[in-house]
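Structure, as structure tokens:
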Amino acid sequence: MIRTLPQSNTFKWTYRAYVTLFFVYLALPLTVVCLMAFNNSVFPSLPWEGFTWAWFFGDEDPFIGVFNDRSILRSIGTSMFVAFWVSLLSIAVGTTNAFLFVRHDFKFKEFFYILMLLPLIIPGIILGISILVFSNAVANNLENATGMWFDGLRPGLPLVILGQFSFIATFATLVISARLEKFDRSLEEAALNLGATRLGAIRQITLPFLFPAIAGAGVVAILMSFENFNTTLMLVGSDAPLTINMFDRLKLGSTPVLNAVSLLLIVVSALLGLVSLLFQKRDKSS
Amino acid sequence: MSQQPASAQNTNAAAAFDLECRNINKDFDGFKAVNNVSFNVPTGTFFSILGPSGCGKTTLLRMVAGFQTPSSGDLLIKGKSMLGVPPNKRPVSMVFQHLALFPMMDIAANVGFGLRQRGVPREDIAKRVETVLERVGLPGVGSRHISQLSGGQKQRVAIARCMVLEPDVLLLDEPLGALDLKLREHMKIELKKLQSEFGTTFVYITHDQSEALVMSDQIAVMNHGEFEQVGAARELYHEPKTAFVAGFVGEANSFTAKVDSINGDAATLVSDDGLNIKGHDASGNLQQGDKAKVYVRPESIRLATSANQLDNVENLNQGIIENILFNGANSHILLREEKSGGELNVAIPQTGQFRDLTRGDKVYIGWEAAQTRCYKES
Amino acid sequence: ETLRLLTWGGYAPENVIELFEAETGHTVEVTKSNNEEMVAKLRATNGGGFDLAQPSQDRIAGAQAEFDIYKPIDLSKIDESLFIPSMLEATKGNTTYNGEIYGVPHVWGTSGLIVNKAEASGVTDYLDLCDDSVAGKVSYRLKRPTLIGFAFSMGLDPFAAYNDEEAYKDILAKVEEKLIECKPNVKTYWGGGDEIKNLLRSGEVVAAMAWDTGGWSLNADNPDITFVAPESGALGWIDTFVLPKRGRADEAAYAWINFVMQPEIAAMITNSAGNFTASQGGDEGVEDALKARYQESFPPEAVDNIKWYPTVPANLETLEGAVLDRVKAAN
Amino acid sequence: MNSVHSRLSLYLLFTPFLLWLALLIIIPHIFMFLVSISVKTGVREYVTGLGNYMVFFTEPLYWNTFARTAFMSVSATFLTLLIGFPVAYYIAKLTRGRTKTTLFLMCLIPFWVSELVRTFGWMILLRETGIFSSFLQYIGLASEPIEFLYNDAAIMVGLVYTSMLFMVVPLVTTLDSLDDSLIEAGYDLGGNGITVLREIIIPHAMPGIVSGCIVVFMLSLGNYLTPILLGGKDSLWFTGLIYDQFITRFNWELGSAFGFLLLLLSSTIVWAGLKLSGQSLTNTVGR
Amino acid sequence: MSQQPASAQNTNAAAAFDLECRNINKDFDGFKAVNNVSFNVPTGTFFSILGPSGCGKTTLLRMVAGFQTPSSGDLLIKGKSMLGVPPNKRPVSMVFQHLALFPMMDIAANVGFGLRQRGVPREDIAKRVETVLERVGLPGVGSRHISQLSGGQKQRVAIARCMVLEPDVLLLDEPLGALDLKLREHMKIELKKLQSEFGTTFVYITHDQSEALVMSDQIAVMNHGEFEQVGAARELYHEPKTAFVAGFVGEANSFTAKVDSINGDAATLVSDDGLNIKGHDASGNLQQGDKAKVYVRPESIRLATSANQLDNVENLNQGIIENILFNGANSHILLREEKSGGELNVAIPQTGQFRDLTRGDKVYIGWEAAQTRCYKES
């Protein structure tokens, strides 16, 4: 059962076969999606009509490639904008939350900690509709009272960002607290002892120590934001992030340009994931 | 940089002591972690605080460093009260139990950290860092990473990081605790040497008596938040003032006994097992009928194969060897005293005289009343 | 100004946008959607977030009554001569609420049957989808057009019963029964255009209730498949232009309307979306192949038989929703 | 000095936490509840009441969907655990060094793309004219096209696939933390694979198992795309109903009521799971 | 249960040894972790394997337990070859370095684990568990959780968990490594007592020489995968066969020196510092001109204030006291030898004779040639 115990060969090979099968299962759909990105057909499905780069670089209707498709490019931009703010907010609040829960004792701490975990057990769609309902009510009341418009409280990017932030902040908090937990407080005391101020000690010692976790949380936040669908769907306005745009396209009939986008996404997020993994590596080695 | 001149002035005025504690107390929600402790540490000495786990050593040290505020009492460094001075403004440095070297910086940056906080110019820092690293015997390691050093080297870097600031007092909280046995033996001697080289006052806390005994000029033995005895190593070892010190510092056979008669310092007692003991009243207040704790060091008990070899000793008994704990120069015999059935730990002399004793042998044992220290049991 | 356009796929092709931007200097951002979502979005934003939307004409007055999400159209800013007069008038009539006109027509089309002639030539009306010969190889949506279509096919007239709740319920009950009975025949209820096209193209489905354009685009790929106007009549819809209540770029919105209704531009849109527009003379520039397909699907009598959707009364969709839910749940 | 500082920083840190929690989690849910108890009586007219909940309780469709969603989600969770555990164990205990990192990475890769794309991939694979069916015909195992799509099994495949990461990662983490010497001790004392698994490995991995199960369950329950796209004509999912109420029926009131019920359902099942396994939220998902 | 009768039969037939290793080798990708090791452990003895970190002790022990397969060689328990027998079928039990108590079970379940695996009836298990807990001095703790025990108690539970299975051989891999100093001292004696009580064969590995010396009947000193010497504690301490053993077991002053002349066992050498040394050729193959390692134990060096007190010793020198490492009965002097300038570590006799020596004093030092062990340097 572990490396040091003798195992029968049948067992060993069955186990390996199972694991291999598992990874095949994981890889299959993605491989298929990626392959179809090169299918020379306007339909993203079999039969195979030959190889083409058109879904990346094509500019002739209907063979419009990713790089010439304004709305896809725009929604990628939107997604990046959303992801940027979501991850910024999440790591900011995640960091303060981590300090709050790791460093401080206060009344009902346990209770507040469970509240902090709540977004993990609230389905995303419900987060979406509750925020929608709430902001809608607030906006209606404000508009009735002031006669002004509060577009920021209506579905649109601000709400999308807040909606995603509402649960990604919990993940960021968990990742960052885990590392802060491992932080040896005597390092901070040593810095004080050597003449640093309180904030100086946090800035020079604690934050650098937390950096791998903060960066990791940032990457996770970006990935989660990019791929989020359920919450976003309820809060999106005129600027659709990529997943929503792709969903709309799929509903109306799409070309393999979506496969091409997916392929690009896979490549980019794999790279991002690798980067975050490297951060974790470095963090372990230090 | 800023506090150096201020404290220097004070030195001339008042203080022969680098550190003075006056009736320091520390309460944690009604629990007295440090109880009315006073002591003075003369300039340039190695002062140890020795005590079992949980006795309040760290709490005391952290009050000196400024991480904790005394509930009452005063605390002076070079004659200047430190109450209300935040830790980053005190002229003390601290070596932490796990050293607390900054893992995100290389060694030079670690050692230079304090100087950077003081705004010392960059080139100066580099120079002073290199100098202090040379002094601790690690020239040229500045650009290495912490993880590339051995345990003993890290220790020295931690000390260098403090010493570069030229503190009035260096505090050390069990800095050898995390090292392995052989390295610990070695670092004991090393630390002592570094201290005498720098000439800085060290306040060292430990629960390992051999560390305290080997290194210190003065040792304070602490128990339950209080100082039991302060003195040089030999004083504590040979003339412990309290039962706790007698039992905690060095090995000892201990008995609980009842005072049978008392004559000046000379006491006659009967142990709970029924052993007759002649001892020396170390607490100075024993009275007939008192319960007492009696301590005899293993090396004070002499072995003999016949009774007449032990003529001049007041306590003479016989025992059967139960176990020989051979440990080179530091071997012991565990034997069972015949009359009382109690177990005794006897050191085997290094002379090799009793090398061929074996289990089951019957031997005579004797020890002098003067080396049998009795303390009234409270 | 930036024109945030909430519309259907194909109604704002890239080349048209480029021309428009070059001519007017406005920029256009397109969000593709469908009827329900348009209303839902505008409801959620309280009529904000977009400057121009294109729901079907039957979704305007009711939604306005309930949610107050549109603003009246200023007809003076629109060049009415660009429109086919009959359609313009019909739309105006259907989109009037409290005396204000809220919509003008843009694209029209029909729902009917897409049939693979080689495999299911027998399917000529909605009810034929329930025939044994095509068991397991048909598909339709579980949405209100299906209810309406089946009702007509069963010889009922749901539009006539729109304002008589009891009668309408009656019709719905019959349709519900029929749909449940028909359920085993269905391969899957399709949801998106992509899905139905894939199903038909691969031959997994041989007959389906769907939009005319879908049939025509498949026809280009496989001549056997085409759109068929059902015997009981195709269901006709007109997608309109409406101004969301809190749109910010009215100027650009009117400019866009006037721009796309020009015959040449309208033809470009028809070529892209597959559907014809309400533009006067807009069908002239349309590709011949498309015209041919249209004519094949719509002999003159079939055109006359198109059932145009009247305005949906506010409360109707709740009733229909319950029926659809029950059909979906039935086993 | 210490206490003043720490009081101040406590307030400073508490503010963003409270803002986030109150404005984005707590108050929105209160509002959702308020909307759910307002019943529509006419155009732009509402009264307070439990009418929306009554609709839920009187319409068997909603009930059935609710129960079905819960049942399928629980099944998907168990299936994910069953499939994921041996893999997690393999990665944690039978590999090391570079192989371990690589395998771990490979577990993550599929999840770096949106759920939509994954589902899309499954559709290409499973459909009647898709790759599986073609392959089976090609190797002669099937004489005619087979439809794998549009049934509950397809939904399961999709749900399990979507959730796998969230099961495997916590499992690998907890199993990694199991000291090999405990397993060795188990063998040394005469245990065999099964007893060691039952008495040592699983009890140790319990927090990871529960944590993974909670997350997977929540993901399945709250899933929208997978059941809609892969499920057949009989496939109903509660999130789909909520979506319908909000998007196609414009009925926020009933939708909110459904949302609230779903929340209740998820909390109840998670709570029951925690109680049954003797774990707490804090030591599982809260790590 | 199953293996007990089988091995019992074998006992009668062949084995006076509980454990025999015959030319065991273990290669890790070309690196020889264990190199041709053979040894026998007689029934009922306490056998220690002592060596520095990384020398292959754990690897050897894990081969005995069955967690690693020897590259070559044979391994017999009670005369029965264990090659190919999986770990859960071997009549050996192991106490792991960090004990490997199961944190998910209470103490009774931990101790009863092995019995459950054998299918012993429930009531029997309860009885036997309680019995063995009593024998290790922990009656009635069965229902407690592991975390409620102290370090020493855990140790005893770990032993009980093995002993309840009545193994032929108990393997222990540095079980005291994680304990703190005082507890370690105590557990040394405790372990030895438990072993003699149970009468089971113990194979104990450690890198701490004092543990090995105090507890073992036989000690094997291991280095670089090979056994350097096997013998009783005294043998190793007083007659180390190799330079490694002389340096590793017990404290020693060491010199590198060159052989000046050799006469039978008596060697005359000159150290690198220029000190003349008369010694005893312990390796038996020294020749004139050879490089040699010379070891003298601190307690073999005698102190004197005048030269004539050290008449009969072959090596007589003078030194200046540099540092007194007071440590009670185990105090040392660090002194600098006058002629060569080398540093020497000298034990202060327990008699108290030299108690008042201080730093800077000049003393005579002398040691006998017989206690000066010289080894040829390879």
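A, B, C, D and E label the chains in the order they appear, each numbered from 1.
Note that contacts are C-beta pairs under 8 Å (C-beta built on N, C-alpha and C of every residue); 3 or more make two chains touch, one makes a residue touch a chain.
For each chain, UniProt lists the protein as follows: A = ABC transporter permease subunit; B, E = ABC transporter ATP-binding protein; D = ABC transporter permease.
This one's a predicted model, so the numbers in the text were calculated from it and none came from an experiment.
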{"item": "Touching subunit C and also subunit E, the following chains", "value": "A, D"}
{"item": "Farthest chain (mean CA position) relative to subunit E", "value": "C"}
{"item": "Which of A-C and A-B has more C-beta pairs touching across its chains", "value": "A-C"}
{"item": "Centre-of-Cα separation between subunit E and subunit A, whole angstrom", "value": "56"}
{"item": "Averaged-CA centre spacing for the pair subunit D and subunit C, given as whole angstrom", "value": "37"}
{"item": "Whole-Å gap separating subunit A and subunit D, where each centre is the average of the chain's CA atoms", "value": "16"}
{"item": "Junction residues of subunit D, two or more chains touched", "value": "127, 129, 184, 187, 246"}
{"item": "For subunit C, residues contacting two or more additional chains", "value": "191, 198, 202"}
{"item": "Shared interface positions of subunit E, touching two or more other chains", "value": "66-67, 86-87"}
{"item": "Complex interface listing, subunit A residues touching subunit B", "value": "184, 186-187, 189-197, 200, 204-205, 208-209, 285-286"}
{"item": "Residue ranges of subunit B in contact with subunit A within the complex", "value": "65-67, 86-89, 92-94, 96-98, 100, 102-104, 113-114, 117-118, 147, 161-162, 165"}
{"item": "Residue ranges of subunit A in contact with subunit E within the complex", "value": "4-6"}
{"item": "Residue ranges of subunit A in contact with subunit D within the complex", "value": "1-5, 15, 18-19, 22-23, 25-33, 36, 44-46, 92-93, 96-97, 99-100, 103-104, 106, 110, 112-127, 129-135, 137, 162-163, 165-166, 169, 174, 178, 198, 223, 226-227, 229-230, 233-234, 242-243, 246-247, 250, 258-259, 262, 265-266, 269-270, 272-274, 277"}
{"item": "Complex contacts: residues of subunit E adjacent to subunit B", "value": "181, 188-189, 192-193, 208, 210, 213-214, 233-234, 237, 249-251, 297-299, 323, 325-330, 334, 347, 349-350, 355"}
